[in-house]
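You will see two complexes here that share chain A, one where it goes with chain B and one where it goes with chain C.
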Partner chain A sequence: MSDMVKVGIAAYGITPFTKNDQKIESSLLESTKNLFDDNPKIDRNDIDAVLVSTNNNSKYLSPILSEMAGIQPKIAHSIESLCNSGTNSIVSAYSYIASGLADVVLISGAERYDSPGQILDWDNSRGEFKHPIFWASIFTKSYKREYHISDEQLALVSVKNHKHAKNNPNAISNKTYTIEDVMNSKKLTDDLKLLDCSRPCTGSASIILASEETTKKLTDSPVWITGIGQKITSAGFTKNKSLSSMESTKLAGNSALQMAKHNISDIDVVEVHDAFSVCEPMALESLGFVNIGNGTSMIRELYDTNNFKVNPRGGLIGSGHPLGATGIAQTIEITQQLQSIAGKRQVDNAKIGLVHNMSAAATSSTVLVLEK
Partner chain B sequence: MNFETELANGIFCIPECSICKKIVWPPTEFCNHCFGTISLKKGDFIGKIIEFSKQNEEYFCLVEFENTIRIICKMTQTPLIDQSVKITKCGISDGSYFFHIN
Partner chain C sequence: MSDMVKVGIAAYGITPFTKNDQKIESSLLESTKNLFDDNPKIDRNDIDAVLVSTNNNSKYLSPILSEMAGIQPKIAHSIESLCNSGTNSIVSAYSYIASGLADVVLISGAERYDSPGQILDWDNSRGEFKHPIFWASIFTKSYKREYHISDEQLALVSVKNHKHAKNNPNAISNKTYTIEDVMNSKKLTDDLKLLDCSRPCTGSASIILASEETTKKLTDSPVWITGIGQKITSAGFTKNKSLSSMESTKLAGNSALQMAKHNISDIDVVEVHDAFSVCEPMALESLGFVNIGNGTSMIRELYDTNNFKVNPRGGLIGSGHPLGATGIAQTIEITQQLQSIAGKRQVDNAKIGLVHNMSAAATSSTVLVLEK
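Presenting the complex of A and B:
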């Protein structure tokens, strides 16, 4: 690992997350345009690869985006891995740069509110219960049972993340809620309310990765990807051995921290994949931020002290969840935090950050460590 | 006969490798351990409820069979953790498997 090229985040662009009926190609172009508008030093002729992260069924999107953005890259292709397509694309871009196949890579992720990536048709072990609310309900019931956690304790995740999202101009939500609001929101199952859920939406996020030398030329405030961990334990939900912890997250987190030569206690700010309320404490515990069963206590303390350390942009619940863009938006948030430009969401003196992005009931996880 | 043909006829079978005898789930053409061909084990299998929740008046339960296979099944009566159950109805509807237990 020590001989590898250092890879940095040189630029980024993002769109508001909405319920708009926008073509996927337009959405991809919008965040790409925002990126180049904000970073005029970047010459589009220097882009070696264009990677598109999406679950959309449209074909040939990377060459299409390249053409629309006036780029003629050497490499262009799409990457799909349900909800962690975004960070998986970043890992692919990192690999292209580290291998020397590319020096500058544009990654653009986008999704529409009606994404086909919400349902994994293949997973027939779920029977007729293929919508994600069913695995989330099973996780929630199991987590509550195992650690004696109440619905109200889990509802605080949504309360906290909506509060954070209020300071995120790109978030789909601009409202704050009380625990009572969450508890009284539409009951989807006995264990899940509407406000416990992230919402599918339309949105796009783009990022440019480059080699160390080029990153330093392109930005005065580089952020480096120093740790990467990925793990796939299965594809089917019912293969999860534990229903109250995330094995793939634990393994991916350990790998990323080992690569970055850090401990979890070194992390100043983190974006975790709160697809549903229960996912946040489960992820915090599986990453090692807190002992198992104590995730909601950590969340309560963060909320009571107005500490934005966990999901400062509002997470998926507050920001919205455009699948292919989510991991990239999480990475942009941590980058902004490390650059100390996150405004009202800023975590004081953040130097090391972590991104946790997962798919299909935590059957796969990707974890990135970022440093300034 | 393959698993889905049997399931479409309302018969739940357990796919098993004809060489190494490993239960292979979800059903595929070849064993994910030794790539042996799959045969179907028929029987009146007893499952155990691992976890459950409820939507409207119906419960959806994660049920384990043969200490290996886990499937989400529908149940109308109130379930209990570790309760023994049997599949009373199964099939394929709109491309998705369905399993009812009692």
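Presenting the complex of A and C:
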């Protein structure tokens, strides 16, 4: 990796996350249009690549979005890797710019509430239990048993993230809940209640990456991608080393921090992939924010001190989880935090942030480090 | 673009192209296994990225292939852009290596005969005519009228490419045809007979790209990607500037040649995207091999002199067209030509080759220049 290459976030746009029936093409266009409306300096003719992040089955979405948005790029295709499609697309965009093949890349992610990415048909080891709540349930049981954690301690993740989402105008949730509300919500499995789960929804998020020189021209508050880490340990979750920690997250996190030349203690604000409540403490532990088994204690302390450091936009549980858009929305949130424009969600003095995204029971993870 | 970065083709594997009912996962694994079997020097632990090129609706195919093949990469996702998914994936792999994010990348493309990429549901301007034969029919009528070309002249494309495919052990076709055979084959539209068309099929092709140093370690006959050009002009074909030439191909070809510092007259062997017979002369003209309107004359001369320069493996018409595998199979063919191991298909003294791939009525094109 050349130390001279710097890739920045030059612009972004997002839609509300909802349960509406919007077509995928329309959703992609809406966040792209919001991006252009908010960033009049960007010339569509300068966009070299358009990457679409989605699990939607529609084909040729990137040229379709390009035509609708008035862009004639050199590079255009869709990228799919379940839940972490968005961050994978951001890394691909980074590589196009760092290689010199592109100077400005638009990444647009979208999903509909009925995404085919929700049912894990390909994992035969799951038998009849192809919905992600089943691995999440196994993770929850394993995590609780191994570290003596209660359902109430995990419920606090949902309480905290719904509280954060209340300050996120694009979140699907506008309600706050108590631990009792979570405990009394519909029981889905022995270990999971409805409010422990993120909700599939319709939504889109778009972001523009550019070379150092161009980023500086396009924005007065550049944010730079200084660390990238990715790891795939398997596809089927039964191959996971452990059911109460995230091996791929640990490896991806270490790589990203090493590239950024930072320690985890340097991170001021973080988006982690809380598809289910248990994922948040597990991710915080696997990233090294806190010792193994102590994730819920960290979450309790943050909640008690009204500290928005972890999942300020409300995470997946509070914001909703439109698969292909999620990683991009996470990256936008950290960017806004570093730009100090996150309003009521703002973490004090945020200079270095981290994005954690994963797919399919953490069989793969992507971690980004962002700096202003 | 740094002049110091060199990305090479270090290995490849392919399956026969057939009409069989093989699952997509099995197909991807078969070409990957063939690649490893033929290249024992490659250590699975050195593979940093696995990119899957396909239009198949299955999700998470790249981690699935990785797990089946015994690879735990950093980067893994699927890439879709209809017919040129394969070449787009090769360019993405190139960018990961040139940026320094990866040193060795496996790209595996596959498709089934019943690929959802065949029906262009998204182009409302097509009305009821969503099958590609309809744009091909319009192209054919327009091309014939504009340049006074006969059906028989176009039929020669199919005759030539079936003849070439007879020397390609992986081709779906094993038969040769006369111009009369093509003319008398089933009439599909006013301007297209069955033998004017490539056939969707089941098949897979895999390739490994690596940095200069690693490529030289892994193979004694390295082939280098020296030129890359890509262009998307639109998604819907009604926005094409002309219906008898390929604007995106012209622009992508010019960019690729410029990057490689070559003229089209330097190219010794070429794979062009002959999804339909008319596409071959149009592509040759748009790439600049011959003046506009003279493509069929060039094809006649090559055929009469038994010169395999254009579509030596039999093109899409002779080899079959498994969408996600096609661009990779084209690239493998040019690699084998430059390695002088193409057997009865070998073009004399081939030093510089070109790959042309496109999607959806040439609304997008990708062009690669390869050199030994």
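The rule is short, and it goes like this: the second predicted complex is superposed on the first by the 369 of 372 C-alpha atoms of A that agree within 3 Å, B and C clash if a C-alpha of one lies under 4 Å from a C-alpha of the other, contacts with A are read in each partner's own complex, and residues count from 1 in each chain.
Quick note on the criterion: contacts are C-beta pairs under 8 Å (C-beta built on N, C-alpha and C of every residue); 3 or more make two chains touch, one makes a residue touch a chain.
Just so you know, these numbers come straight off a predicted model, no measurement behind them.
S.K.: Which holds for A:Ser85: it touches chain B only (first), chain C only (second), both, or neither?
M.R.: second
S.K.: Quick check for you: in the superposed arrangement, does A:Asn124 touch first (chain B), second (chain C), both or neither?
M.R.: In the superposed model, A:Asn124 contacts chain B only, not chain C.
S.K.: May I ask you to decide whether A:Tyr60 touches chain B, chain C, both, or neither, giving the answer as first, second, both or neither?
M.R.: It touches chain C, and chain B stays clear.
S.K.: After superposing on the shared chain, does chain C or chain B touch more chain A residues?
M.R.: Chain A has more residues touched by C than by the other partner.
S.K.: Is A:Lys239 touching anything from chain B or chain C once the two structures are fitted on A? First, second, both or neither.
M.R.: Both partners.
S.K.: Touching A:Ser255 in the superposition: chain B (first), chain C (second), both, neither?
M.R.: second
S.K.: For A:Phe134 in the superposed arrangement: first (chain B), second (chain C), both or neither?
M.R.: Once the two structures are laid over each other on A, A:Phe134 reaches chain B alone.
S.K.: Name the residues of chain A shared by its contacts with chain B and its contacts with chain C.
M.R.: 121, 236, 239
S.K.: Chain A touches which residues of chain C in the complex?
M.R.: Listed in rising order, the residues are 1-2, 5, 25, 50, 55, 57-64, 66-67, 72-82, 85, 88-89, 91-92, 94-102, 116-117, 120-122, 228-236, 239, 252, 255, 359-360, 363-364.
S.K.: Going by the contact rule at the top, pick out the chain B residues touching chain A in the complex.
M.R.: 25-26, 50-55, 60, 62, 69-74, 81, 93, 95-99
S.K.: Using the touch definition from the top, list the residues of chain A that touch chain B in their complex.
M.R.: 121, 123-130, 134, 137-138, 140-142, 145, 188-192, 236, 238-239, 243
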